[in-house]
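The two complexes that follow have chain A in common; it is paired with chain B in the first and with chain C in the second.
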Partner chain A sequence: MTATSETRIGQDILAALRAKMPHAVTEERWQTNDQVTITVKLNSLPDVVRTLYYEHDGWLSTMVGNDERSINGTYALYYVLSMEGAAKCHVVVHTEISPDSLEFPSVTPSVPAAVWYEREVRDMFGLRPVGLPDERRLVLPDDWPDDLYPLRKDSMDYRFRPEPTEDNENYRFVNDAKQETTVVPLGPLHITSDEPGHFRLFVDGETIIDADYRMFYVHRGMEKLAETRMGYNEVTFLADRVCGICGYAHSVAYASSVENALGIEVPARAQAIRAILLETERLHSHLLNLGLVCHFTGFDSGFMQFFRVREKAMTLAEMLTGSRKTYAINLIGGVRRDILGEQKAATLALIAELRAEVTRLLDILMSTPNFAGRVANVGRLDPQIARDYSPVGPVVRGSGHRRDTRADHPFAGYKLVGLPVNTQAGCDILSRTQVRIAEFYDSIDLIERLLDAAPGGPILTEGFTYRPHRFALGYTEAPRGEDMHWSMTGDNQKLYRWRCRASTYNNWPVLRYMLRGNTVSDAPLIVGSIDPCYSCTDRVTIVDVNKARARTIAYKEMERYCRDRTNSPLK
Partner chain B sequence: MPDLSHIILAVCQALLLLAVAPLVSGYSRVLRAKMHTRRGPGLLQDYRDLVKLMGRQDMHPPASGMVFRVMPVVMMATLLVISTGTPILTRFSPIQAAGDLITTIYLFALARFFFSLSGIDSGSSFAGIGASRELTLGVLVEPVMMLALIMAALLAGSTDLGTIGTAIAAGHVHSLTATVVAAVAFAFAVYIELGKLPYDMAEAEQELQEGPLTEYSGPSLALVKWSLSLKQVLVVGWFAGVFLPFGSSTDLSVTGILLGLVVFALKIAVAFLVVGVIENSVSRARFRFTPQHSWIGVGVASLAFVFYLVGL
Partner chain C sequence: MLKLLKEVFRTGEATHLYPFAPLEVAKDFRGKPEHNPAQCIACAACTIACPPNAIGMETDPVAGTRTWSISYGRCIFCGRCEESCPTGAIRLTPDFELAVARKEDLTKRAVFKLALCPCCGEPVAAAREVDYVATILAGPDATPDQLARTRELASTCPDCKRRNDVDLLIRMGIERQMEKRI
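Up next, the complex of A and B:
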C-alpha cells in the first residue's frame, strides 16, 4: 500500500488502545494513511469499540457483516469508527466469528449507536448478537422464513423469492410510556411522505408519549445485486440509484472505496469535479428540504416558490452532467465528463441567480409571521442522545456537534479548499433548518472556489488491475450527512461484498427521542426535519405483506389479482 | 307566516348559493395558484371534482355507523336551512323564523356537531383528533361570535338579522364606534369559521390527513366538500348581511334583487381576495396556541360592549 509508517494518522490512538488492552488487538492493516483495520479478539470487541467511541472521540459510522467462509473460513464483522478528536482518521474494528457458534458479544449495551447494525446483521447473516436488548427483526419482513439469511454467499440466488411463511403482521412496536396511551398509526403510507414507513405514535390527548417505527418496506436488494451480477463500473451507476435525491454522493463514496482499496490515484481535476457536483447536489437537496419544511407547516406558497427556484439547481446539474440528477458521471478512477470553459461561465452565472433568488425567498420565509413559532423548540434532539447514537448531517450539527465529513476527513476536491462547519445549538427544527440555509450559501461559495482551484489535466485514471480481496472505506458528506461505503473486491471481476450505508440510516434511531413530548400534528414536521430518505435506508429485499384495513390478504392472492385483475380480494 | 313570494325568494337564494359555492372555492384555488406562481386548475375545477366524485363508489370504514353515513346529508341540509334565513340578496330575511341570530349560530353549531361526530364515528384516529379539534375550535369561536352579534342586536334593538342589517344600513345605531368594533370581532370569528389557514386545524392536510374528511369517499365526500364551500360562502354572506348590507334590495322587486345579486357577487369577490392573500402568506398556527388567538377576539368584542355602554 501507499501508506508509510511516518505519515500514518491515528497511530497514537492505536498505541493508547494497546496500552489499555494489551492482548485485544491481534493485527493491524492500513488501507490508506488515515484508514486502519485492526483485528480484535471476539470477547474484547465491545470494550474496544466502547473505548474508541467514548474515550477517543469516535462516532460509529457503519458496521459491515461479511461472509468470508470461502476466504478464511469465518464470518467477519467490521465496526467502522470515525475518529474526530485530535487525530482525524477511520479505525475499523474487525473481528472473526466462527461458523460453528455464529454468536458474538453485542456492542449495543455499551454503544447504543450499534443497535440497528446488529439487528441488521442478525437478519442478513444469522449472526447472533448476545446481549442485544432489541431482538426484533429490522430489515426482513414478518413473512420471511426463519432460517434463510439473504446475504450469506450460499443462501440464495438473487432472483429467488421464498414462500411467505405467514399472513399476519407480527412486528411488536415498543412503547415505553408509563401511562395509558392511544395508538396513532402514521403510515405505512401517509399523506406527507411519498415513501412507505410505518410509525406508531403512542399519544395521550395530542401529546406523543413514545413512538416506534419500522422501515424497509421497499428493500431493493442492491447489495446482493451488486455482489452477484455486476462489474465494478456498473456498480457506480447502481450506487447513483440508491437515492433519488442524493445518489451522486453514493456513487462517489462507492468509487472512492474501491479506489482506496486498490490504491488508485484519482487525478486532481476529477476530484475537483466530483466535489463541484456533490455541492450542486447539495444545492437542490437543501432547497427541496426548505420547501418541504414550508409545506409541513402549511405554508404552501413557500413550498411552491422554493421548488420553482430549485429548478435552477436542476438546470445546473443537467448542464454539467447531462442529467437533472447528477447521475452517471463517475467511473472507478475518475469522472466521465470534464467541465469546459463555457460551462464554467454558465455555472457562475446560474449560481449567482440562485443566490439572489434564494436570499429573497429566505427573507420572506423568516419574516412569515408564524413560521419561526412553528419550528422553534419542536422536535428537540438532546446533544447527549446525539452523542450516543451517532446521527449525521444537519441533524447532528443542529444539536451543536461539529461533525462534517468534508471537514473531518477531506475527500475528493475538498482537500483543495477549506470549508466552515455550520452548527446551531438550538437542537430543534429551526436549528436544523438554519444549518441547511447556511450550508446552501457555503455550497455556492464552494462551487465558485472549486471552479477556480481546479487544476487542469486528465480526468480519469486507467490501466490499473483489480486484485482480489482488498477492502477499504469510501465516504462522502451527502446533503443528509455522511454516506459510508465499504467494498471488498472479489476474484471474479465482481465485488465480494459491498456495504452501502446511507446517511438517513444513522438518523432514524434518534427520531424516537425527537418525537417524544411533541404533538401528533408536529410529527410529520419532525420526521421531515431529518430530511428522511426511506428508499436509501431500504436497500435489500422484496417481499411485503399487503394489508387491507381489518383483514390480511394472502400475498399469493394479491399477486394473482395483480396478474388477472379479476375477483379483487379487497372487496 | 311568510307568504309565497318570500318562500320563492328563500328557495331561489338557497339554490343560488349552492350553485355558486364551487365557483367561489374554485376562485380561491385560482388565487392560491397565483400566489404559488403556478398555473393551477381553472375556475370550474371544483365542479369537475364534484361530478367526478359523484360517479365514484361510496366506501365506509367497517367501524363506522349511522352518524358517519348521515352526516353529509345533515350538514348540507342544515346549511341550506341557514341560507334560506340569511339576508343576502335582500335587506330582510327571506324566512324570518330562520333569520334569527341565535337560531343561525346554533344551526352552524349543529352542522359542526355532526361534522365532528362523524370524525369520531369513523374509527380513524386522525379523524378523531380532527373532530376533537373542530369541537374545541367551536367552543373558542362561539363566544366571540355571540358577543359580537349580541352587541349588534343591542345596538339595533332586535335579534333578527334583517332588522340589524337594516338599522346599520340606515345608520340608526346607538353607537357607531361600537358597531365598527363589533364588526371587527365578528370578522375575526367568521375568518376562523371559514376553516382557512392559519386556522384550518380540523382538516389540516399535512398534520391530520384532512381530519374528519379522511374516511369519506365518492358521493359522500362530494357532499361534504360541497357543504364546506357552501359554508364559506354563507358565513361571508352572513357577515355582509349584518354589517355590510349596503346595496342589497329593500323590497321584493326583480330589479332590486338583481342589483342585490351583483353587489353580493362583488362583496364575495373582494372578501375572498383578502382571505386568499392572508391564507397564502402564513403557516398553520399551532393548535395549542389557538386559544390565545381567540382571546383577542373575545377582547375586541368586549371592547365593543364597553363602547356601547359608554355610548361613543
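Up next, the complex of A and C:
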C-alpha cells in the first residue's frame, strides 16, 4: 500500500525472473513492502513457479483458487512462494483461467509440493490441472456429485449437504512398492490425529514398504462459511476454531492478512501481545507433543508428568486471555486485552516454574534407557524430499532446513526481538523432538524479552476504512509450522475469498516417505512426530494382500503394540 | 527411575478436589453470559455482534412481541455481546458449569413487547427501545409533555412518517408560496 520502490524487498528476484523469461510476467502488484503478486501468462505458470522455487530459494506456502468471474470474468490461481534466500519476501504468482476452458498446466511435475493444492483446487472449483499425475479427489468425498464445486460462487448454499450414496470406501490408495506387500489400513478413523484419516500401510512382514492416506473426512467447510455467513470482523473468531491447539496462530494470521490488505497499522503494543500469546500457545503445544512422545514410546509416567506441567501453560493462557485456549483475543487492528503489571509479574513467575520443572522432566526423559532406541533413526525425512515438498515447522527443521516464519518474515512482535532458529541434522523423530525442546526454552526466553520490550500505548486501531476487493497474505509460525492465510475483501462487509492453510497440511504429503522402511509398530510414533492433533476414537484395519483377507484392529490395540511391541496384531 | 520417583514425591497431589470443592478460575475469566432482561432494550446489537449466531431475535407481529434468545450450546464465550450492549444488559460471568439434562435447557429466552405505531397501529420496534431513544432525543431537561411528543415521533413507523410529512407539507401550502415567488 505505502510501499515505495526503494524499500521494496524482492525486486532483484523479479528482475532476474524477467531477464530469464522476458514475456511471462504481465503485471506486478505490491501488497506490502515484502509481498508482491505477479500475474503471469497461463502457459508459463509451471516455469515461473519452478524458477522461483528452485533457483531463488522459494518454498511453496499455499495455493489459492478463486472464482473471480463476478469481478473480471475469470478464475484465478495464486501460488504463494515464501522466498527464503538473500531477499526474504513473499512472491505470489497469479494466473487467470478462462471459464470456457477451465484448464491450467499443472505445476506438480516440476514442483512436487503443489500436488495437494492442485488436487484441492480441482475438487473445489472444477479447475483441471493438465499433467497432474494424481487424478484422485483430495477434499471431497468420493460419492460427492460430479458437477458440484463447493467454492464456486454460484454453486451452492453453505448449508447444503448432498446425501451420501454409498457406505463403502472406494478411494484408490497408491502403492509404489516393487515387491509383493501386505496392506495395513489404519482408519477410517485415524490414528493419533484429531481429523479422522484413513491410512494404508503396505507392509512386507513387519516392514513398511509404502504408505498412502486419505484425509478430510471432517472437512468443515470453514472457508465457505466465512465467505457467506459471516462479516470479515467475525471471521477472526472462526479462525480461532480452525485448530483446538494452535487456534490463536490462525487468528493472528487471518487478522494480519486483512490488516495487510487494507493497510491497517497495528499498534506496537498489540503486536507484542500477539507474539507473547503465540509463544504461550507454543509452550502448551510442545509440552503436549513431548508428553505424547513419552506415551507412544511406552513411558506413560512421563506422559502424566508432562501433562501435569503443561497445566501451568494453560493457566498462563487463562490468566492472560480469560480463556484456557487463548481464544477470542484478536480483532482486526489489534487485540482486546492488555497485559497489566500484575499479570506481567505473574507470567514471569509461572514461566520460571515451567522452566525448572520441564528441565527436570527432560532430564528424566533423556536418561530413560529405551527412549533413544525408539526415536533415533526412526521416521527419517530425507532433506531432499523435504526440499521438494515444502514441509514446515519442527518437521522441516529436524531435517536440517533453516525455515522459521518468525525469523524469515518477522510478523507481530517478533520484529522487536531477534530469535534463534533451531535445526537438527538427524532427520529422525529424535531430531524433531530436540527441535521442540529447544523451541520450548526459546519460547520462555521470548516471553521474558517481549514483556520487557513491549512499548506502552494503545492496543487497537479503530476507524479504518473497509475497501472492496483488496487482498493480501497473513502468516504466523504456529507450533506445528507456518500457517498461511490469504484474504480478499468483498463489497458487502464480508470476505470474497478466505484461504486458510494450516501447518499440518504441508506436512502430510511427506509422511509417506517418513513411514517407508520402518516397522509397523513405529507407525503411530512416526505419525505422532509430525504433531498432528490427536484423538483416541480411532480404529485400525489390517488387510493381508498375500492371503487376500482384511480385518480391522481397534486403534487401542495398535497403540498398545506401539508401546509394548509384543504380541503383534498382524499375526 | 529414581529421578522419576523423586519427581513424583516432590509433586505430591497434582489433582483438585473438584467437583467436591469449587474450582478457582482466573480473574476476568470469560464464562457463561448472563442476560438481565430488566436492563435490555431489545435493540439487537448483540445479535449482530455474535460471531457464532448464538444470540438471536425473532419478531412475532401478530402477538406484538420480540423474543431474544441465547443458546449456550453455540456460545463461544468471546464477550462481543458484552462489548456491544449499550445498556450493560449482558455480562460474562466466571461460571463454566453449563451442563444441562435436556438440550432445550441450553437456550434462554426473554420476551419483549413491541411498540405500536400511533398512526397505523402496526408494530414498529421494541417498546423499551422506543423509550430509550425518546429519552435520549428529548434530553434530560425535557418536560413530560415534550417527552410524550418525542415518544410519539419515535414510535411512528417510517411509512406513516412519510405520509405525515406529506400531509404537513400540504397544510403548509408550499405550492402556493412557490406560485407567489414566480
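Methods note: the second predicted complex is superposed on the first by the 521 of 571 C-alpha atoms of A that agree within 3 Å, B and C clash if a C-alpha of one lies under 4 Å from a C-alpha of the other, contacts with A are read in each partner's own complex, and residues count from 1 in each chain.
Going forward, contacts are C-beta pairs under 8 Å (C-beta built on N, C-alpha and C of every residue); 3 or more make two chains touch, one makes a residue touch a chain.
Note that the coordinates shown come from a computational prediction; the quantities given were computed from them, not determined experimentally.
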Contacts of A:Val107 with chain B and chain C, given as first, second, both or neither: neither
First, second, both or neither for A:Leu361, with chain B first and chain C second: second
Touched partner set for A:Phe237, first chain B, second chain C, both or neither: second
Which of chain B and chain C A:Glu206 touches, first, second, both or neither: first
Partner touching more residues of chain A, whether chain B or chain C: B
Partner chain in contact with A:Leu416 - chain B first, chain C second, else both or neither: neither
Partner chain in contact with A:Ser301 - chain B first, chain C second, else both or neither: both
Overlapping contact positions on chain A, where the chain C interface meets the chain B interface: 301, 305, 308
Complex interface listing, chain A residues touching chain B: 182-185, 190-192, 206, 294-301, 303-305, 308, 368-371, 373-374, 519-525, 549-550
Sites on chain A touched by chain C in the complex: 229-230, 234, 236-238, 240-241, 301-302, 305, 308, 315, 318-319, 322-323, 327-328, 336-337, 360-361, 363-364, 367
Interfacial residue positions of chain C with respect to chain A in the complex: 3-4, 7-8, 11, 14, 25-30, 51-53, 76-80
Residues on chain B engaged by chain A in the complex (per definition of touch): 32, 35-38, 61-62, 125-126, 129, 197-198, 200, 204-210, 280-289
